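Handing you a structure now.
For clarity, chains are labelled A, B, C and D in written order, and residue numbers in each chain start from 1.
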Amino acid sequence: MSKPRVAIFDFACCEGCQLQIVNLEEEILDLLTVVQPVEWREAMSDHSESYDIAIVEGSITRPEDEARLKQIRERAGILIALGACATLGGVNKLKDNFELEDVKRCVYGEAAAMPHLATARVKAVDEVVKVDFKVHGCPINNKEFAAIVRCLATGKTPVIPSYPVCVECKKRENVCRYEYQEICLGPLTRAGCNAPCPSAGFWCFGCRGAVDEPNVNAARDVMARYGRTVEDLKSRMLLFGSRQEFANV
Amino acid sequence: MKPAVNGDIYLPMPATAVQVAPMTASESFFEFRLDSGSDLGHMPGQFVEVSIAGQGEAPISISSSPTLKGSFQMVVRNVGNVSRAMHALKPGDKAGIRGPFGTHFPVETAMKGRDILFICGGIGLVPVRSAIHYVFEHRRDYGKVNILFGTKTPADRLFTEDMERWKVQPDTTFLETVDRGDPRWKGHTGVITTLLPDVTVDPAKTVAVICGPPIMYKFVIMELRKRELDDDRIYISLERHMKCGVGKCGHCQVNGLYVCQKGPVFRYADVSAVREAI
Amino acid sequence: MNAKKLCLNAMQAWVESLIGKCRVIGVQAKGERFVFAPLTRARDLRLDYDVTLIPPKACFLPPQETLLTFTGPAGYRSVVDDEPFILLGVHPYDVAAIAQMDRLFEQDYADVHYLARRRGAVLIACDIQTASPNVFAGCMGTATADEGFDILLTRVGDHYLVDARTDAGKALTDSLASAPDADAVSLARREQLWLDNRKLLRKHDLKPSLAELPGLLERSYEHPVWKDKARHCFSCGSCVMVCPTCYCFDVQDEVDWDLKCGRRCRTWDGCMLKDFATVAGAHNFRKDKADRYRHRWYRKGKYVYDKIGQIACVGCGRCVTACVAGISNPVDVYNRLLEAP
Amino acid sequence: MSRTIDIQVHHVTRIEGHGTIVLNAKDGAIRKIEWQVPEAPRFFEAMVRGRSWEDIQTIVSRICGICSVTHSLAAIRAIENAMNIRGSEQTETLRMLTHYSEQLESHSLHVGYLVAPDLLGQKSVVPLASSHPDLVKTVIRIHRLGNQWMELLAGRMTHPVTLKPGGFARLPAETELRDLQQRLKDIVPALTTLADAVLSLAGKLPAFDRPTEYVGLVNPGEYTFYHGDIGSTDTRETVSPQKFESVVNEYVTPQSTAKWTRWHRDSYAVGSLARYNLNADHLLPLAKETAGRFGLKKGCCNPYMNSVAQVVETVQIVEHSLQLIDRLLTAGIRPERPKVTPKAGDGAAAVEAPRGILFHRYVFDENGVCERANLCIPTNQNHANIQKDFEALVPRIIDRSQDEIRHLLEMLVRSYDPCVSCSTHCLDVEFV
C-alpha cells in the first residue's frame, strides 16, 4: 500500500491542534514514514489538489468557508475533524448565544457593516459535511492523534473511549474537584485525554464533548447538592459547543 | 488443557492459515495449523482467542470436529478490527491462537445414545458444526439426528456443501428456512421455530443443542418446553463480550457466571434461573 | 521472633535502611490526601494516613500495563515485571482485598503478570491510626488483619511495634535484633487498639450480617433500590476504579510507527461503564444503568462470594467518597434491601 | 522593456493564521501594495459577555494556540486588577516562569521551524531534517524542553489549566523544579548552537532599515516580559496598562478583518525587536554576549532582525528562569490555594506575548459576570507596520525578479512572527 496523501486545512480556530502535531517533535519524521503530507499551510509552502485523507481543523463561521469545506470533502477519501472547533464548534459557538449583528457591532463598532467582516452561525464540520473520524479535544492530545493515524494506516478503526473522563482521572489518583465545591464536567465528558485538567488541579471543561448518554438529570441533582445551580452547570457545558443534550439540562 | 502456572495465559501460540475462503458477503472460512505441529485438542463447542498483532484478539468458535487432525477450522464474520484483519489473511499468513477455552457440547456424555436435535440460527451453526460432524463420525453412538437451520436470507447460508452430505446421513432429518426468500429460493420461509412442527421429538430420548442470535433462544426454548423437553436436556451456547477468555476480565459475565469458563455451552437447566442469560 | 518495639527515630532509621535495600512503595501525602508511591526518604512516609486515593491493587494490577510485545504476526513475547519491592503501610482492609485478588488471579488460570508482581512483593501492613470519613471496615471484618502480610506495624503511643510474621518479613527485621522486644504493656495496648478499631471503624453501619448478605441479594433482584439509585448514576466508573476488590480489565493493541511491532496492553475497565457488555452489532447485554448498577452490588455481595466464599467489599469507603452522585455507599444499598420493597 | 509585476500570495504559509500579500506594479510604478488579513473573525470580545470570571481564562486562551499562556496571564491579571486581588510573590514568580516556557517554545518554533527554511532555501522544516540534521535536532531539543516545561507548570502543552485568578490550581513540587532547573542548565549549549547557526546565516537577512516606533513593556532595571508599563522608543513617558486604549488607537480598514493600531506615528511595531530596543540595557550577561556576537544594537530598525532578537531572548529567558527557580527553591514552595470573592470592577493588564505586547480589559458586574471586554493582540499592532514596511521596501527592490520580490515580502511577514489567527479576535469598542 502506498502512503496515504494527507492534507491539513484550517478554518476558524486558534491552530493549537496543528501545534500539537508539531509538538510530536521528532515523531513527525516517523509520521512521515506512514503518511505523505501534500498540503499543510502552517508548516510548508506546497499545495495539492487531491488527497486520501483530509484533516480539518476549526469551525465553519462563514458561507464561503462552507463552500470550501464541501470542496475539500469531495476531494478527500477520508475526512477527519481535528479538535473541538471541528468536532463540536468549540468556543467559537459562544458567539451564537448572541444576535450576529450585535456580535459584529460589539467587536467592530461602526465598521461592522464592511463586507469582509461578514460572519454566520458557527458550525462544527459534521454540520456541513460527513465526518469519518473525530479527534477530540481542545487542544487534541497528540499521542492520541498519532495512535489514530497509525490505526488508519493499518486499516484499524481507532478505539475511542465511550466512558467519561472520571475513569482516567481516578487512574491518575486525583482528588475530585467536587470535593472543592467546583463544577467539573468529567462525569459527562468523553475520555481519551487522560484527564490532564483535573490532574493539574483544574476542572474538566468538557472540550471532548459529551459521552453518548450523559446523565443530565443526575447532574442537576449534583448541582443542588453542591450548592450550585443548573445555570452554573449549563454555562460551563456550553463553553466548547457541546450539543443540545447538554444545553437542555 | 490448562497452561502451566508459570506459563503466560495471554501468550498466543503461533499458527498458520492453510485455507481461507469466502462463504458469504461477510463470512469467511479459515483453516489453521498450529506451528508447533500439535493438535488443538478441543471438544465441539469450545472456542479460541484469535490474535492479530496490532488489531487485538477475538473469541472464535472451532467449527471442525476434533477428529480432524493437524488443523482446525473456523468461520468468521467481518464485524470489526480482528475479524476484518482475518478476512485479509492469505494461506501462509500467521495469526496467534490461545485456547481452546470454555465448556463443550456433551457429545461423550449427555448426548450419547440419545436423539439429537440441533437448532442453529445463522452463524450459530459454526460451533454446532463441530458437534454435528462429531456425531456423524460416531454415528452409531447416537439415535435420530434432526438438524434445523435458519438464516435471514438465502445469501447468508453457510456450509451448503456439508448440508448436502448431512441430508443423506442415515436416520437424519435436515430442515432449512430463511426469514426472507428471494426469487430463486424454493425452500421453506419463516423463522426457525416454524420448522419444529415438521420434526418429531421424543422428549424422553432427545437432547437439544441450540445456538444462534440472542433473540432466538427464548422462542425456541418456549417451543421445546411445549414439547415437554426437560430443561436439562437442552444445551445452549452463549456469546458475550470477552477480553481474556480465562475468567478474569469480567466482560463476559452473565450474572455470576463467566461465559468463558462455565460456558459458552450451558445446560439450560443451569441457567434458566440466571436472569441475564437469555 | 517477638514483635519489636521501636521509637520513632529508630523506626525512621529502619525505613531508611529498607529504602537502601530494595524498592519501597509507601504511603505519602498528595496534597491533603494520600497515595502509594515510590518512597525515596523515610520522612515522606505517612503511616498516620486515613485512606489512599487508589488502593494498593495498582502495585500488582497497574492501571495500564503491557502484557506482551509483538514483532510481527507471530512474534509474541510475554512482558513480566517481577522486580521485587516492599509495599509499606497497607491498612488491614487493603490486606484483605489483596488476599482476595490473589485467589482470583491464581484460581483456574493463573495470571503470571499479576502473580509475578505479587510474589516479588513484601507486604508491610499497618494498623489504622486515623479513620477516613467513610470507612466501615469494622462492619466487614477487615478493621484488623491476622494474616495476608509479612510484617505488621502498630503505633502505640510514641512507639511502633514491628511484628514480622513470615520468613520474608523476618529477613527485613533482622537488623532490628538488638532493638527491645515489645513489652506486655505495649502488646496490651495493641490488643486494645484492635478492639477499638473493630468497634469504631464504622462510619456507616451495615445492618445485615455478612453471612446473610448473599442470601439477601439472592432475594432482591427486583428490588426498587437498583432503579432508584441508578437514576442518579453517571456511569462514570469512579466507584469501580477506586475499589480494592474490582479488577475488571480491557485489553488493547498498540503499534509502533513501523506498523508491525507493538504491544498488547491491559487497562482497568469497569462493569459500571456503558459499553462494558457491548458486543458486535452494538448489542449491549447490560444497557440499562440500573442493570449495571445492580451487577456491581451483586458482584460485591454475591458473585465473588459464590466463587471464593468472601464478600468482595472490605469497607474501605473509597467508593463512597469517589461517587459524585452520592449513590455508591454499599451500606446504604445493602441496608435498603432489608426494607420491604 | 515593459514589465508587469503581479504578486498574490494567498494565505502566506508557515505563519499562524491567514494573511495575503497583494502587489501590482507596471514599469516600476507601484499601483497596489497591500498586506491583507482575510482570516475569519472570531469575535472573542463578544463571546465572553455573560460568562463567569471563572471561565474567562479558559475561553480567551483559545484566541491563540501559540500564545495561550500569555492570553491566560493577561486575562487573569486583568481579572485580578478588576477585583482587587493580588497574587502572592510565589504566584507571580511561578507565573513568570510559566510565561517563559511559552516564550522558549514559541521562539524556537518560529526561528527553527518557520524562518530557518527561508534562510536555507527550503519550503519547510521537513527537508532540513536530512540536509541539516544537527540543526533540526537542536531546535527540537529546545522546542521540546519549552513544551515539557509548559506541561509541568501550566498543566499541559497549549491552553494552560493551572493559571487561575488568585494563584495556581496545582503547584509544582520542589523536586520537579530542581529537575527543571537542571534541564534548563543542560539546554544552554543547545541555545548557543542555535545562535551560531543563525549567526552563520545572518548575512542572508536583507539589509533594510526603516525608522520605526517600537512599543513594549518597560520596567526599571529589568528586561521585562511581564511587569511594568507601556513604553515607546518615540517617547520617554510611559503609559499604565490600565490606559492601553490611549496607546493602541485601533481602527478598522477594508483590507483586514484584524484591526490596525497607531500611536505617535502612522504605525508602530511590537515583538522581540521592540523589547530589545527598549530593554537591551538590562539583558543578563550571556544574553548580552549573544546580542554582541550578532552586532545587534539598540535602535536597530531592520524588521528582518526580529528573528535575531528572538534568539537573544531565548538565552535571556533561560538565564532569568534559572534565577527565578533559585529564588523559589530558596524560599520553598508554600502550599497556597487560590481564593477569590468576585466583585464588580474594570481591570486591564499588559503582558508580552512572544510576538509582542498584548492587552486585555474586562468589566465585571458584582457577581463576577463579564459585561464587556477589550482585547488588543500583538500581531494586530504589527499589521499597519507591515504595510508601511511593504511601502518602503518594494520601491527599493522593484527591479528584482518577481520570485525574489515575493520571497522577500513573505520573509518580511514571517519575520514579524505573525499570529493572524489571534489578531482577528481583537476588538475595540471605539471605532476611530
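Keep this in mind: contacts are C-beta pairs under 8 Å (C-beta built on N, C-alpha and C of every residue); 3 or more make two chains touch, one makes a residue touch a chain.
From a predicted model like this one, the values you see are computed outputs, not experimental measurements.
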item	value
Chains touching both chain A and chain C, listed by label	B
Chain pair, most C-beta pairs within the contact cut-off	A-D
Innermost chain, where centres are averages of C-alpha coordinates	A
Chain separated most widely from chain C, comparing mean CA positions	D
Computed distance of Cα centres, chain D from chain B, in Å	66
Averaged-CA centre spacing for the pair chain C and chain B, given as whole angstrom	39
Whole-Å gap between the CA centroids of chain A and chain B	44
Mean-CA-position distance for chain D and chain A (Å)	25
Shared interface positions of chain C, touching two or more other chains	31, 252, 255, 259
Junction residues of chain A - those touching two or more other chains	154, 159
Chain-level touch network, classified as line, ring, star, complete or other	other
Inter-chain touch pairs (all)	A-B, A-C, A-D, B-C
Touching residues on chain C, where the partner in the complex is chain B	67-68, 70, 72-78, 80, 104-105, 107-113, 221, 247-253, 255, 259-260, 262, 264, 269, 271, 276-281, 283, 285-286, 291, 295, 298-299, 302-303, 306-307
In the complex, chain D residues that touch chain A	11, 13-18, 38-43, 45-52, 55, 58-59, 62-66, 68, 109, 113, 123-126, 129, 137, 140, 143-144, 147, 154-159, 161-162, 164, 168-170, 252, 254, 256-257, 259, 421-422, 427-431
Touch list for chain B against partner chain A, complex	54-55, 80-81, 84-85, 88
In the complex with chain C, residue positions of chain A that touch it	27, 30-31, 33-34, 147, 150, 153-154, 159, 162-164, 166-167, 169-171, 173-176, 178-179, 184, 186-188, 211-215, 217-219, 221-222, 225
Chain A - residues contacting chain B, complex	154-157, 159
